[in-house]
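Chain IDs A, B, C and D follow the sequence of writing; residue 1 opens each chain.
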Amino acid sequence: MIIVLKPKATPESAERLLKRISDAGLQPLHMPGSERVVLGALGDERVLAELALDGDPDVESVKPILAPYKLVSRELHAHDTIVRIGGVAIGGSSLVVIAGPCAVETPAQMRASAMAARKGGATILRAGAYKPRTSPYGFSGHGPAGLSILREVGDELGMPVVTEVMDTAEVDLVAEHADALQIGARNMHNFALLRAVGRSGKPVLLKRGLSARIEEWLLAAEYLLASGNDQVVLCERGIRTFETATRNTLDLNAIPYIKQRTHLPVIVDPSHGTGIRELVTPMALAAVACGADGIMVEVHENPAAALSDGAQSLYPAQFETLMKALAPVAQAVGRKL
Amino acid sequence: MIIVLKPKATPESAERLLKRISDAGLQPLHMPGSERVVLGALGDERVLAELALDGDPDVESVKPILAPYKLVSRELHAHDTIVRIGGVAIGGSSLVVIAGPCAVETPAQMRASAMAARKGGATILRAGAYKPRTSPYGFSGHGPAGLSILREVGDELGMPVVTEVMDTAEVDLVAEHADALQIGARNMHNFALLRAVGRSGKPVLLKRGLSARIEEWLLAAEYLLASGNDQVVLCERGIRTFETATRNTLDLNAIPYIKQRTHLPVIVDPSHGTGIRELVTPMALAAVACGADGIMVEVHENPAAALSDGAQSLYPAQFETLMKALAPVAQAVGRKL
Amino acid sequence: MIIVLKPKATPESAERLLKRISDAGLQPLHMPGSERVVLGALGDERVLAELALDGDPDVESVKPILAPYKLVSRELHAHDTIVRIGGVAIGGSSLVVIAGPCAVETPAQMRASAMAARKGGATILRAGAYKPRTSPYGFSGHGPAGLSILREVGDELGMPVVTEVMDTAEVDLVAEHADALQIGARNMHNFALLRAVGRSGKPVLLKRGLSARIEEWLLAAEYLLASGNDQVVLCERGIRTFETATRNTLDLNAIPYIKQRTHLPVIVDPSHGTGIRELVTPMALAAVACGADGIMVEVHENPAAALSDGAQSLYPAQFETLMKALAPVAQAVGRKL
Amino acid sequence: MIIVLKPKATPESAERLLKRISDAGLQPLHMPGSERVVLGALGDERVLAELALDGDPDVESVKPILAPYKLVSRELHAHDTIVRIGGVAIGGSSLVVIAGPCAVETPAQMRASAMAARKGGATILRAGAYKPRTSPYGFSGHGPAGLSILREVGDELGMPVVTEVMDTAEVDLVAEHADALQIGARNMHNFALLRAVGRSGKPVLLKRGLSARIEEWLLAAEYLLASGNDQVVLCERGIRTFETATRNTLDLNAIPYIKQRTHLPVIVDPSHGTGIRELVTPMALAAVACGADGIMVEVHENPAAALSDGAQSLYPAQFETLMKALAPVAQAVGRKL
C-alpha cells in the first residue's frame, strides 16, 4: 500500500500514521519527497484494509502496489537507486564494468588477470573463491585462501572486489574480504542465504536463476530489501532453454522490462549468457544498447589454462577490443564508460 | 565436400570435375574466386568418398563441410550474401528497416500505416494478407484482396513489400503481388512450403520457429538454397521459453552466432520478440548493436484499434523515436541507416 | 454459447432458434440429448449477446463456453467421442494400438514390419510415405510409391492404415490411400493443412507440436472440427524442453488434463516421446495408466537398418514384450487391449 | 575406474590395491561380491592411468566409468539400493507411499492430516516446518515449533517423518527431529547443503531441480554419496517448461531412464508435478506403471483452508480413492503396495 500525504501534513502526522501501521503488525516505510511525503505499508492486505487509512484527514490517497514485489518496485520508489561498491557507483549515467577470472587460481594468475581487467578499463574486480560445480569432482575453489588472494590483489590495484558466497555459514567470512557479495544463479532461490546476505548490509550482486521468471527474480531481490539491504544490483546471465548452440540464452528482454518496473540497477554477464568467447563482445554491446547499467565479463590472463570456464573467458587483448567497441555504443545511448 | 583446385587448373578441369560429381548423382557447385577455383559436392558422404577427388591431378585439397548445413555455411561461401528486395539491399553496410502493420485491414489503414513507416525511415513495407491464428475464430486476413491493397499502397509510396505465405497453393499468387515472401515462425518446419518458396525464385524472409534450434533454422534455410534460391534473409523473432512476462524470449545470441557461421543476412523482429510495445525500441537498438543487418517492426496508424497484435505495434510517433535512437547506435557499430 | 432449451420446447422451437443464430451470422449447433435439447452458437461474442437468447420463452438457460476452444470442449459435448479408423474404434473401453515402421522403405521391409506389428497385437498400421526431415539431404520418403506399398500391405493383413500428410496439395492423394491422415508435430500450426484435412472428412491423428501449449493443441483440433470433421484423435508425442537425455519430454500430464476437458480420444506415442528404445515400454504402460485411449509405437523388422528413427524403433520381440506387459495395466485401469 | 579382481585374489590383494589407490591421492572403494571382488577408484583420470592397475597380477580387468556420475551409477553398483526410513524400506518390491500436508500448520491440522494419510495407507509422513516461498511475504513455516509438532504426531501414529531442510545451519536441528531429510527442488544445486546433509548420515529425499537435467540431478546425488551417505531416494517433481496449463511438467521419462542407469530408488511427487488436484491420481498411477519405487502426495484434512499448496492437496477421501486405484496398477507391474 502506498499512502500519499496531503501537502499540509506535518512530520507529526507522518509519525502518527507510521505508528498506526506498525501497531497493526505491518511494516511501515517512510519516503519523504521534495513535494509530498509518501508512506508505505507492507503486509497482510486484509489488515491494511481494516486500517482505513484513506479516511485519515492527513491522507490524500491510498493505492495498492499491484506487483507482488513491493520494495523493489518503481511504484514505491520512483527514482533510480545508485548502489556503491567500494568507490564505484552503479546505476547512474556511468556504466560499470566488472571483470576478472572465473576463479582465483594462484596469486600470479589472479594478479595478471586483474591487471588485464584494469588495463582494459574495468573498475571492479571479480573472481570466485567458492565455485558452484555440477560435479563433486570438479575444482570448487580455494575457499578462505582464495578470498585472501583476491583481497590482496584488489587492494594492490585499487579495485573493489566482488565474489560469490554459497552458504549462510560463510557470509561473515566472505563479507570481511569482499566489497560486494554475489549470489549465484544456482542460489537465487536459496532463501536462507538471501536473508543472511540481506542482513550483512554489504552490496549484493544478485544473479538470475537458470529458470527463474523475471517476477521470481525480483521477489528474490525483495527478500534482500525486506531484510534491510537496498544495495542490490541485478545481473542477467542467461536462462536455460531448449537451445544447445549456446550455453544459455541471454534474455536481454529482461533489461528494459526491469528498468521500467524497478529502481534497482541491472547489469549483464555475457560470458555465462553465451558460454562462447566469440559472442561476448557483441552481446556486451547489445546489453548496453538496451539499457543495462553495466557488464560483468570473465577475463583470464590465459584462458586455455583456466581451471574453469576457459571457453567463455576473454584473452586480455580481446577484453581491450571489447572495451574499445563498447565506448561508442555507450555514448550512442547517452552513457559514459 | 569443398574441393579447392590447383592454381594451374583450367576451366576445362573444373568442368570435367563438375561432370564427375554430377555423374555420381551428387550436386555440383561452382565457386570461382579471384585466386582459386573452388568446387562443392553435396550428397551421400560415401559416394563422395568413392570419387576419391583428392587423387585428381587438378585438385589441391578436399575437405568435408562439418556443419550439417552446407550451402548456407561460410565454409562454402566466405563472403556476405547481399539480398535485394525491390531496390533495397540487405546484408551490406546499410541496415534495412522493414515496417508496417501486422495485417492489411483496410486501404485507409494500410495507407496511413505505410506512410507512418516511410516517414519514420523504413524502406520496405510489411503487412499480412494471410495471418496464422491460433484460433479458427480469429481474424485470419483478407487473402487476395489484402494482397492487392498491399501491392497498391507499396507502389503508391515506392516501397517494396514483403508478406507472409502459408500454403504451397498460394505461393504463385503471393509471389505475383509481393517483392519478397515471408515464411512465418509456425511454418519454418513446413518443408513442402520451403521447397515451393525456394523454387519461386523470390527473395525470402525466413522467420525462426518458436522452438527451433539455430541449427534447425539454418537447415530450413538450406532447404531454400537447395531448391535453387539463395536470396534468403533470416529473421530472429523470439523463442518460446518458460518466461511469461514477455510474449517470447528474443534470442539475440543467435545474431552473432549466425553471422559467424553463415553468409546470409540476419534481421531481428523486436515486436514479436517481446510482445510489449515499450520494449520494442530498446531491443531494436540491442539487435543492431550485436550485428543484425536490420530490423522488422510493427507500426500501425492506430494500434488501439488494430485487428491483431495491437499491444506490440508502435504508434507512428514511437516509430520515429525508435529511428532517431537507432541512428547513433548504427553509427557506433559502423553501419548506416 | 450453450443454449439449453426448456423440456417443453418443440423441434420447431429448436429450428426457429437455430435460424435466428444462423441469420445473425453465427455458427449454429444442434445437440439433441435424451432429456433436453441443447443448442450452440459460435462466433462474435457481442453479436451473441445482442441476440438476447436468454429472454426467449423456449430457452431455459444460456451460458458462455469459457475455454477458447468450443467444439472440442466437454462443456459443449459431454460424452466421449468414438473415432472409427477402418473398423477400429478409438475412445471407448478398448485401447487402440497403432504400430509400424517410421517410414515405408521397401515392400519387403513394410510387410515384415507390419506382420510383426499385427503379431504383437496392433490393430492399425502406421508408416510414413512423406517424412518431415530437418535436413534437405535426409531420406524424405518414397511419396506416392510409398502410399501404394502401405495400402497394399494394409489390405493384405486386414489392417487399416494411417500415414502423414504434409502439404495441402497432397491431401487428396493421401486420403485415397489411407484410412486416416496424420498431421505431424511440425505441421500442427500449419493452418491451411488443418483446414484441408478437416474438409477431407477422413479421420485425423493430430500430433501435438513440439512447443505447443495444450490450449494451442486443442485449438488446432478446433480448426478440424470447425471445418466439419469431428473424427479427430489427439496424439501426445513429447514436447521440447531443456532436457537432453531424452529426445523429447513426454508430457503425460496432458492426458488426464485433456480427458477432463474434451470429448476427443487421446493416444500417446512413446517412441517419439522418448527417442530411446529402452524407454518405450515403461512409458507405454504409464500412458495407459493415466488414461490414454491407446498408443502408437514404432516397430521395425530390423531397427538397426532403418532409414530413419532406428534408435527408437522396437524389435518385433520387444513389441511382443510390450504388449504382454501392457495387458495387465490396461485391466488395472478398467480397459481392454 | 572399476577394477575387477581375479577369482584367486585374496583379501590381502584387495587391501594392497586399495592402499595403492589411496596412496595416489584417489578415493578407493571396496565392493566385495559373491563371486568376485570389485574395487573402485575415483579421482583424476591421469593419475588413475599412471597407476597402471591393469598390469597387476591380481587384476583381471580395469574399465572406466563412462558416466560423469560414478557412485550412483549401476556400472559401479549393479544391485538396487534399499533405503530405510524408520522401519520402511524404499527400493524393493514394495512401493512406498509418503503423504501429508504441505506444511505443519497447527497440531490439530497436522494430526488430522496425518491420520488421513495413515488411514489411506501411507507409511511415511511428510510436512514442512521450513517452507521455501517465492515471496518474502508468504507463510514460510513454523520452524523449530513445526518440527516438534511433526515429530510428536509421527510418534503418536507410528509413522517415520520426512521434512525439508533449507540451510546448512539447520541440518543438525532438523536431523534430530526427522527420520529423513528432504532437499527441495530450489536447493538441488545448493552444494553446501548437499555436503552437509550428506555428512549427517540421515536418509535423504533429493528432489529434482526445476530446470535440472537428469545428469545434473544424478551429480547432485553423487555429492551426497561422495560425502559418505548412500541412503538417497530421488524424487521427480516436475520440471519447468513453456506449458502453463499445469504448474510443472512431470517428466516420467526420467523414471525408467534413471532406474536403468543408477541403483538408487526413485519416487514421484504428482502433487507438485501437476499442481492440480484432479491430475494427482492418474499421474500417481502412471508413475508406478513406468517403474517408480513409490509416490509422495500432499494430503490435507481441509485443502480449502491450507496455508500453502491447497490447489494440489488431496482431500482425505480422494487419497483413499487414489490408493484403491493404485493397488491393481502396482500388482500389474509386479509391485506391492
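The rule is short, and it goes like this: a contact is a pair of C-beta atoms (placed from the backbone, for glycine too) under 8 Å apart; a residue touches a chain by one contact, two chains touch by 3 or more.
A quick note: this is a predicted structure, and the numbers were derived from the prediction, not measured.
Considering the contact criterion stated above, the chains in touch with chain A and with chain B alike are C, D. Set against the Cα centre of chain D, the chain with the most distant centre is B. Interface comparison, B-D versus C-D: the higher number of contacting C-beta pairs is recorded for C-D.
Centre-to-centre separation of chain B and chain D, using mean CA positions: 49 Å.
Taking the mean of the C-alpha atoms as each chain's centre, chain A and chain D sit 34 Å apart.
If each chain is reduced to the centroid of its CA atoms, chain C and chain D end up 37 Å from each other.
Chain C has residues 211, 240-242, 244 in contact with two or more other chains. Within the complex formed with chain C, the chain A residues making contact are 211, 240-242, 244. If you check the complex, the residues on chain B that touch chain A are 211, 213-215, 239, 241-246, 249-257, 260, 273-274, 276, 278-279, 282-283, 285-291, 325, 328-329, 331-333. Every residue of chain C that touches chain B in the complex is listed here, in rising order: 42-43, 68-70, 132-137, 140, 166-170, 186-187, 189-193, 210-211, 216, 219, 222-223, 226-227, 240.
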